[in-house]
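Next come two complexes, and both contain chain A; in the first it sits with chain B, in the second with chain C.
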Partner chain A sequence: MIEIPLAVYLLFLAPLAALAVGFFVTRPLKPEWTHIPILASCVVVTCSAASLAGMVYEGRGLDGTLFYWMVAGDWSVPFGVRIDGVGVSVLSMVSLVGALIHVYAAGYMKGEPGFARFFLVFHLFYLSMIGLLVSNNYVQFYLFWELVGVCSYFLIGYWMHKETARRAAMQAFLTLRVADFGLMLAVLVILGLYRNTRFAALYAVAGALPAGLLALLGVLFVWAAAGKSALFPLYFWLPDAMEGPTPVSALMHAATMVTAGIFLLVRSWPFISLVPGLPEFIAVVGAATAIFAALLAASQTDLKRILAYSTVSHLGLMAFGLGLRHVGAGVFHLVTHGFFKAVLFLCAGILAHAAHKSTVTVSEVGGLWRKMPLTFVCFTAAALSLAGFPFTAGFYSKDAILDAAFAHGGWAVAAGLAIAAGSAFYIFRMLFLTFFGSRADQQTMEHPHEAPPVMAVPVAFLALGAIGVGWLGHGLMRMLLSGWPPSVPPPGLTEPSHAVSAAALMAAALGAGAAYWTTMRLPSWDWDWRRERPALAALFAEDLGWRRVPAACVSSAVWFADKVGRVLDHDSWDAAIEGSAGACRRVSEAGGRLATGSISDSLWWVMTGAAALLAWAGYR
Partner chain B sequence: MSQDLLTLFWVMPAVGGLCALLGRQARWPALAFSAATALYGLILLGPASSGAWHSAPVSSPSWAFGIRYLLDCDGLSLSLCWLTAFLTVACVIASWNKDYPPAYWAAFLFLESALLGVFLARDLFLFFVFWEAVLIPMFFIIGLWGMEGRRHAAMKFFLFTFFGSIFLLLGSIALVTRHHAATGVWTWDMAALKGPGGLAGLAIFAAMALGFAVKIPLVPLHTWLPDAHTEAPAAGSVMLAGVLLKMGVYGFLRILWPVFPKLSWELMPWLMLLAGVNVIYGALCAMAQKDLKRLIAYSSVAHLGFCLMGVLSRTPEGLLGGSLQLLNHGITTGALFLMVGFLYERGHRRGLGDYGELYGRAPWLTFFFGVATMSSVGLPGLNGFVGEFMSLIGVARVMPRFVFVGVIGVTLAAAYALPAFQSVFLGPAGKASVSAKVTDLDRRESSLLWALCGAMFAIGIYPAPLLRVLEPFLLGLVPAR
Partner chain C sequence: MSALIWAVSGLLFFLGLAAVVLRRQLLAVFLGMELMVVAAALALGHEATRAAAGAEGFVAVLLVLAVAAAEAVVGLTLVLRVHWSGRPAEADSLRELRG
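On to the complex of A and B.
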């Protein structure tokens, strides 16, 4: 029996207790206090995560069962925890960033009518992600995976009175469900063959699995991850998910939700890495997603949508890193991305909050750096980190991935540099458009004001993280390696060469310079090309046409269901059954008409019968 | 002794029904007797789980042709009896404020009595008697107290199920006479009967399976179900979907598997195909519905397909999962039909487009409906997932390729359930909307739903104890491989 430390129990019990108190006590009595038990739980979870991270850093992992969930005879699905390097390195980022976003949300959502509902679902979302990161088997993983999806449905659709919010929520849920198909099928296949989904047991037999099965599992995992982590072709729900309140977007993009898909790939890496060609495929999909989304991010006008496409792009970059077999680099970027993307979203939220709207476009801002200096500083720090400016967090993690690209050579180098240039372009475009100017096409905000401390302080902390977490890279790698399944080669983080750094910096400078040119030198360029080429603008608005594909899939599914449910079932088959009653009646009525009761008719029938009998006898 | 304990179980509601018929305040005896039955069912857990009745020598005399009064109770029977008893209490409480005649309350108690009989009987003839007895109160519940098209629906329900019952009876008689011809012993004891092989066995199996299939219902024998569920009063739909459909799958488990161990295994792929058709076809039909009750009715077709898939796999996971899913479906769909009933009482409409924006007016109704919808969709952490998932594991173990169909069904479930929930509760209220009439649940209604949702969470989070209760009989059905 493995001794399970208190921190592990606290990871689950603190949020559950906070949710119970919030639901049963504060919500009915004092809804505006609902955040208090929940913030307390965030503190407990973050501390627990830190203590577990320390434990793993010292080289002690943990894989134990808390209780048995499903049982049948000698078979069971445990509910357990696996505290290993992969889980804990993501867990410590998620718990910290998530907790700070909770604090921010307490300020941002103050006075909203559904404050209690918001915080309860928000915290359940956080709990689900924590649970996902420490699961020790695929069934439990799937449990939290689905819970994350459901919470996101309710959070994206938080402003239900808005048509767009409802549509976005439904689109997100159904898209995720289509993607979850892959995970569920994979888990069932594993269970059908091995009756066991514990990671520890499966890692041990990964090498012995038949090649066909491995390939199937790998493809299913990638499909599922593409849904949650918004990779091409299933990325489209994420930009629309901007309809939720900003803290939700920040949590989804930085800490929970989208990281789940990448985490699934990392968890399943012992299988995926054994499938020939699959890692390369992931790299190609990741690179394509990253470039495609960077292009779209550069064309968006809504601040939150720019950031959303930027997340898609960065998720692509993480997948690119994983696919090039540098798992450590991918995880590292996942962690740093969590910090800087949270800052960017929260800053966008501060701008929206100042404008008293749910979101703002580039036409409504401009020249804000004087009026909102703290927001400007934080945003700039995060933007530099995202663009990979030297010694910021993004620099280290992005260079680790680019290093992998250079090691791979060929197309990967071109793709990596294109991504670096693209991300620098869109984020500096956003920075210049928002904080400098203003321009003729911009109606700047009437009374811009800095955020209250409850919102500003977490953003400042996160901004420090966006600058500084890169320096922890080697500690992170040590942690990652300490609990890594031994059957796979360690995901090392090589020291990036100066040539790679220089190339990356050149690419980023190129992107930033282009952004400067198009926003500062040609201040109305961003509006001009839209006005002059409406067809091109429309093409970008529907993601170069890709959005039509899922729409067509949905409408054909609805059409087919209607044909089956209404035309086939109701109008044809049920009508035929109902018609059989009438047919029976008609037959019996026809029979009844034969029985007229008159003697001559009966005699005729007798004679006919006798004749038929005689004819039959004669024939024999 | 032990048989008398079980006799008391099914007789108690019947006595309550008589009291309700004779007394004036019919709902009070209905509540008292249904509650007493439910509590009594809980007490039976002790002896049932210890297997006390299996070892007890059966001493009841044969009546004629080996027909005997044989009752027994194991985990499978007990869990379905609990479902029956608690849903009856729920139905009584849900109809409390309505001005129904005594016969209404009596009908529910007689229905409960007959259903308990079905689940407790171990003699095939007795089983058939109870099986048919279920039809009578249900026929009146639909036909007398239903919606506009009630008479047509009641007749359709009766003819369909009666059509199935004829085959069931013929099959049973053939089975018993064949058994007599082979062994020289007249018996209707389910545990003792062994089906013949060859073509005769196949014919008997097919006839009895047809009888059960109408009840489940298997596509294409399902068209009675949407009409009956839609036209029945709310409490009637609860019993119909919650318990009556379970009789079909129960018949497969209790009779066909033990009596035809080999044949049923050989036919498994074909039956699995039928169950798969149920899952997909039911889900697609549900997607096309505009009426909330019809939508839930079609979703039952899909869910029972999952139950049957699990049960067909004859693996520990599948058998337990399928049987657990029988309970889960009863709880979840029962709750959904109750809530549609509450909604109908307020707005007098059932169309998806007739409501909207209810989350502000009726937050608790929205909450409970949301939970039940998620359970129906198979969200992990709620009861629906455990049953569905374990059923599918069973399928994955015997027909790995076929599990694909089940997972498509799970995906489709989201595509019909969530849009319906959204358009009624979250979506915009149209011009013709009757949302303004809807008030939130009162204390009686919400306490009922708390109980049902509590069960959903409990089974979803910690199903292991209930699965252990189900195990004894079901694990015996696993063929040696």
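On to the complex of A and C.
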């Protein structure tokens, strides 16, 4: 029996207690205080995560069962925890970023009618995400995977009086269902074949699995991850998910929930890496997603949608890193991305909050750097980090991935540099348009005001993280080694060569320069191309036509289901039921006609029967 | 002798049968039934007189007659009930079992 430290229990008990207090005590009595127990729980969870991170850093990870969840016959599902490098490195980021965003949300959501509802679901998400990261088996993982999806649905549709929010919530939920189905199939296959879904046990047998089964599992995992992490074919729900409040976008649809797919890939890496061609496939999908989304991010005008496409792009970049078999680089970028993307979203939220709207477009703001200096500084720090400016967090993690691309060579180099240039372009375009904006006709906000401290302080802390977490890269790699499956080469950061850094920096500088040129030197170019080429603008508005594809898929599936329903259900099944019922009715009506109720008829039948019996007896 | 008794018995049975299936009045149908029972009892009583047979045949005949008497009570009561219900006491007036 492994000794489970208190911190592990606190990871679950603190949020559960906070949710119970919030739901049963503060929500009915004092809804505007709902955040108090929840913020306390965030502090406890963050401290617990930090202590676990310390344990893992010293190589004392653990994998133990808390209790048995389901037991039936020869199979069982434990409810356990796996405190290993992969889980805890993401857990530390999620708990810290999540806690800061909770603080921010307390300011951002103040005075909203659904304040208690928001905080309870938000914290349920936090609990679920943490549960997902420390799960030690696939069934438990699937439970939390679905829980984060449900919380996402609730929070995207938080402003349920808005038609667009309801539609976006439904779209996200249904798209995630498509992805979850892949994970469910994978879990069922594992459960059916091995009666045991514990990661530790499965890692040990990964090498001995038949190739076909491995390929099936690998494809199912990639399918699931593609939906959750908004990779190429299934990414379209994420930009629409920006209908939710900004803290939701920052925490769930940028920093944490969408990275669950990447996390699944890392968790399942012992299987995926054994399937020939699958990692390369992930790399190609990731690169395509990253470039495609970067292009779209550069064409958006809504601040949150720019950032949403940027998130899609960076999720693609993480998948790219993973697919090039540099798992450590992918996880590293996941962690740094959590920080700088959270800052960017929260700054967009501060702007929207100042404008008293749920979101703003780049045409509504401009020249804000004087009026909102703190927001400007934080945003710039995060933007530099995203673009990979030297010595910021994004610089280290992106260079790690680019290093992998250079090691792979060929198309990967071109893709990596294109992503670097594209990221720099769209984020600097956003920065220039929002905070400088030399356009004369640009309307500016009435009374821009800096955020209240409850919102500004968390953003400032996160911005420090966006600058600084990159320096922890080697510590992170050391953490990742704990509990690393032995069948996979251990993660590590090679020191990116100066050539790689220089190339990345050149690409980023090129992107930033282009952004400067198009927004500051040619101030109205960004608007003019939209006005002059409406067809092109419309094409970009529907994601280069890709948005039509899922819509067409859904409508043709509905058409097909309608046909199938007509043929199978109406024409065959209903016809069989109604036909047999009709036949029964006709037979019984015919039989009923014999039963005249007249005694003499009955007697005749008795006579006939007796005669027949006698005849039969005589014949025998 | 035996043949004659069997013939009488058979004649009585078929007369009863004819009355049951051909006549419409309930009373006549009932009479036919009793006739069939008595015909069967006659044949049984005749066979019981054989030397090898014991007394069981006569006992059975007595039992059949007793049952027929009891049956007459029930049957006549039914016929009276039909009569009192205002319907003609005929077989065709009873159609409650019509399907």
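Here, the second predicted complex is superposed on the first by the 550 of 620 C-alpha atoms of A that agree within 3 Å, B and C clash if a C-alpha of one lies under 4 Å from a C-alpha of the other, contacts with A are read in each partner's own complex, and residues count from 1 in each chain.
Heads up, the rule we're going with is that a residue touches a chain if its C-beta (ideal position, glycine included) is under 8 Å from a C-beta of that chain, and two chains touch if they have at least 3 such contacts.
These numbers come from a predicted model, not from an experiment.
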Query raised in the report: Taking the superposition as given, does A:Leu185 touch the first partner, chain B, the second, chain C, both, or neither?
Result: first
Query raised in the report: What is the contact status of A:Leu143 with respect to chain B (first) and chain C (second): first, second, both, or neither?
Result: first
Report task. Mind working out whether A:Val71 is in touch with chain B, chain C, both or neither, as first, second, both or neither? Result -> first
Requested in this report: Check whether A:Asp569 is in contact with chain B, with chain C, with both or with neither, and answer first, second, both or neither.
Outcome: first
Query raised in the report: Just chain B (first), just chain C (second), both, or neither: which does A:Met170 touch?
Result: first
**Report entry** Residue contacts with chain A in the superposition, chain B compared against chain C
**Finding:** B
Query raised in the report: Should A:Gly591 be classified as contacting the first partner (chain B), the second (chain C), both, or neither?
Result: second
Requested in this report: Answer with first, second, both or neither: which of chain B and chain C does A:Ala201 touch in the superposed model?
Outcome: neither
Query - Partner chain in contact with A:Phe560 - chain B first, chain C second, else both or neither - result: first
Query - Residues on chain A lying within both footprints (that of chain B and that of chain C) - result: none
Query - Residues of chain A touching chain C in the complex - result: 591-600, 602-604, 607
Query raised in the report: Which of the residues in chain B come into contact with chain A in the complex?
Result: 156, 220, 223, 281, 284-289, 298, 315-317, 319-321, 357, 359, 374, 379-381, 385-386, 389-390, 392-393, 395-397, 400, 403-404, 406-408, 410-411, 414-416, 418-419, 422, 426-428, 462-464, 467-468, 471, 475, 478
Query raised in the report: In their shared complex, at which residues does chain A touch chain B?
Result: 67-76, 139, 142-144, 146-147, 150, 153, 157, 160-161, 163, 166, 169-170, 173-174, 177-178, 180-181, 184-185, 188-189, 191-193, 195, 557-558, 560-562, 564-566, 569, 573-574, 577-578
Report task. Going by the contact rule at the top, pick out the chain C residues touching chain A in the complex. Result -> 17, 20-21, 24, 29, 91-92, 94-99
